[in-house]
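A single structure is presented below for examination.
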Amino acid sequence: MITRYQIAYKNLLRKKARTLLTIIGITLSSWVLVSLLGFNQGYERALNRDIENMGYQIMVMAKGCPYEAATMMLQGGTGLRYIEKSMVGSILKEPEIDQATPILMQAFFDPNKGENGGIAGYFGVDPATYPSMKPFFRFRQGEWFHDDSADEAVMGFEAAELEQREVGDMIFVPEKNVKLKVVGILERTGTQDDGTIFVPLKTLQKVSGIDMITTIGIKVKKDADIVELENKLYKLPDVQVVSLSQVKQTIMKLISTARIMVLSVAIIAILIAMVGVINTILMSVLERIQEIGILKTMGAMPGDIFSLVWTETLILCACGGVAGIGFAIGFASATDFLVRIILPYAPAGGLVVIDVSLAMLTMGIILLVGLMSGLYPAWKAGRVRPLESIRR
Amino acid sequence: MENSAMFLEARGLSRVYRRGSEDIHALHEVSFSIQRGEFVSFMGPSGSGKTTLVNLLGCLDNPTSGELDLAGRKIFGNGNVLSERDLTRIRREIFGYVFQNFYLIPTLTVLENVALPFAFYRKPGARLEEVRRLLAMLGMERRMDHLPAQISGGEMQRVAIARALVNRPEILLADEPTGNLDTTRSAEIGEILQHLNRNEGLTIIMVSHNPNLARLGGRLIEMRDGKVFK
Amino acid sequence: MKSALKDVALALDQRLRVFYLAVTLIILVTATPVCGAVGCDLNDPDRDVARLFPNSSGYRTSYASIEKRGGEPLLRKVETRLGDRFHGIYETVDVPYTIYEIYSGKEKVGYIHGVNEKGQFGGIQVFVALDMAGTIKSFYIQKITSQWAKKLRDPAFGAQFRGMSLKDLEQYDPLAGKGTGKVGEIQNPVSEAETDFRAALRALKKNLILMDEFVFSTEGKKP
């Protein structure tokens, strides 16, 4: 006819505003918590995916600051350092290496891009080895080059969109006054490849008059010892080894500061919610001392009263937790958007990933914290003696 | 049911409270016995110790000294003090309580309030149907889905009586059951108690300073200064 | 105290530098993640607005697309007025057009609007600055990839369009690449760049038609 659960939830309805405010507090803190946890796993996943989409885990570049080289390239193509293409052959002898592909990056100045001119970047890639490193490339139109020294280009989706190019159209390499035919346009990948123009390595070497390369992309065999390989590559003369796992670690280290900050906010939010729960439940216990005394004359043991009060706590936390997780999932894309504004580098794809196990984990944490908050009020209620409460 | 002559027996029950450095003898060496099926009323002015006595009889409190036997069981005696847990166990087997201030749960309906004891304890033999039967007997069958705020004081006390009876207690303990009611309602409650005693064979121990009500019982015990005068 | 602060700032700067460089390395060629069709924006709106409208005090940006303003029927209407069909995978109904409304104080004094057009070797971005009557104050090509880009971007070429309006451009047939009246008198500065020259004129006509559909006709000030 009536269960303890019904008694508990009907009691919470007694002070609707207070109950609602408490639930809102729990909702907000669980929202923050689950979003943070979702970001924790989502960001790393997205970063891994970005790195995986590079196709290679290690890059070998000419000595000198590799970072500088990359920046220089973006600024105007001067100051790039080169390595011999023959190095690819010698690197391939290492047993850990699955594939290696030579890349030549070139940037040419186009005075007719905007007011002050701009840079047009080109990727010279080897048609024999590069495509197999990017097996996830899909062509929107056309295909790869027909010949390793053809005057052809494959364009990333956004590069093609900006230049309004379709297969069969021509592109014009500024500075060098060379025309290339577009043979392929890639589907959007969500990575930097979208803005890239690929040209056969030999063609780009011919156009730029440089018979060397800037980079070697290395794909390591599965289960191979990457650190061991890196150490071997470091011994090569005049080269710089850039491991993408190192880059990832650098980024993760920098992100961790932000993570710690958000985590502290989440902890504070949970503490505030906890105090709210303690206050609500304790108030409700104190207001009902006489009723609790009566329940004891009916035969309720201290443990019964304890569990009754705990049930109330549990209901509050479950409602708040479910609502918070619901909001977090519902507004995940908004959170994503915010995170992208705050972070200087955000990988492509969903940054906030909330799955079932994460939702369960958050729910577990919220319930645990809730039960802890309910401990004192429930214990206090359990100790109420009927004689004293009724005589008040 | 065992037909023991002495259903409740108190021997030399005393209760002393300490207030500051002063000892207050609320109850002083009280002895008497009650038989099964009796309707006993305790009467006396405030401070006469009647409530203290009823609390001891109803196992809501431990005496300072003295012995109490209930239904053939030794409850208090030899100076042993029962824990709240032990007292609860005895209470739920033997007693139903009715208080001056009804103490209904405002968020539960009349029906739910009466069924409330079952949420914590159901005595073997106590049936769910008992809830409706009792409410019908007390004339509350049309009020079952009302909330306490929607019924009158007299009706609230009827609900409290029904709630005290669902677990089929051996003794109904009524502490000033009409203290908050007007004369007409008081008389109604008195009739109900009398009916329960006569027709259902329920043992009733009542405390009241209302002489009309106290006279309803088969036996009247007067109290003064912590002592009984039969 | 001051030097300690400076050290902290330097350390932070170093960290940031490493961070940005690492990021640069990963990105190499930066790509702005835009979804859907690409629009045509001013490279540096603050500077460009001040240059095209020296007396302006500010501007407001609004967006319009054929899809949102009238869908398929509007597309047909625009194509009819243009005298050519929209073609290619980039000239679509959902292309967002950015319209800059220029203000001098509280008074609106004109518009800047650009469109993308397919050129011979790449995308061409044709911008016009219009007064409130829809008359061209300035015409210029923001971006064009071509051997002869310099000639087409020359202010002298753009100056020929000053004072013209949609009425004049209506005399231009983009399919035939010929026009009469004022348009017919426009000179191609480089005969080799005929394709890009025609593309620029088609872009200009498209630009003015869209401005008429999106702005002037709705404001009841049809030029």
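For reference, chains read A, B and C in written order, and residue numbers begin at 1 within each chain.
Quick note on the criterion: a residue touches a chain if its C-beta (ideal position, glycine included) is under 8 Å from a C-beta of that chain, and two chains touch if they have at least 3 such contacts.
What you are looking at is a predicted structure, and each value in this text was computed from that prediction instead of being measured.
Q: Measuring from CA centroids, which chain ends up nearest the centre of the complete protein set?
A: A
Q: Taking each chain's centre as the mean of its C-alpha atoms, give the chain farthest from subunit C.
A: B
Q: Could you work out how far the Cα centre of subunit A sits from that of subunit C, in whole Å?
A: 35
Q: Please tell me the distance, in whole Å, between the geometric centres of subunit B and subunit C computed from their C-alpha atoms.
A: For subunit B versus subunit C, the centre distance works out to 92 Å.
Q: Measure off the straight-line distance from the CA centroid of subunit A to the CA centroid of subunit B, and report it in whole Å.
A: 68
Q: Under the stated contact criterion, what part of subunit A meets subunit C in this complex?
A: Interface residues on the subunit A side: 50-51, 54, 65-68, 70-71, 73-74, 105, 110-115, 120-121, 123, 141, 156, 158, 161-166, 169-172, 174, 177, 179, 190-196, 242, 244, 247, 250-251, 254, 344-345, 348.
Q: Would you tell me which residues of subunit B are touching subunit A in their complex?
A: It is residues 55, 60-61, 84-85, 88, 91-92, 95, 97, 99, 101, 103, 105-108, 111-112, 115-121, 128, 131, 163, 167 of subunit B that touch subunit A.
Q: Tell me, which parts of subunit C touch subunit A in their complex?
A: 15, 18-34, 37-38, 43-44, 47-48, 88-91, 116-124, 142-147, 149-150, 153
Q: Which of the residues in subunit A come into contact with subunit B in the complex?
A: Residues of subunit A touching subunit B: 1-4, 6-7, 10-11, 13-14, 290-291, 293-302, 304, 385-387, 390.
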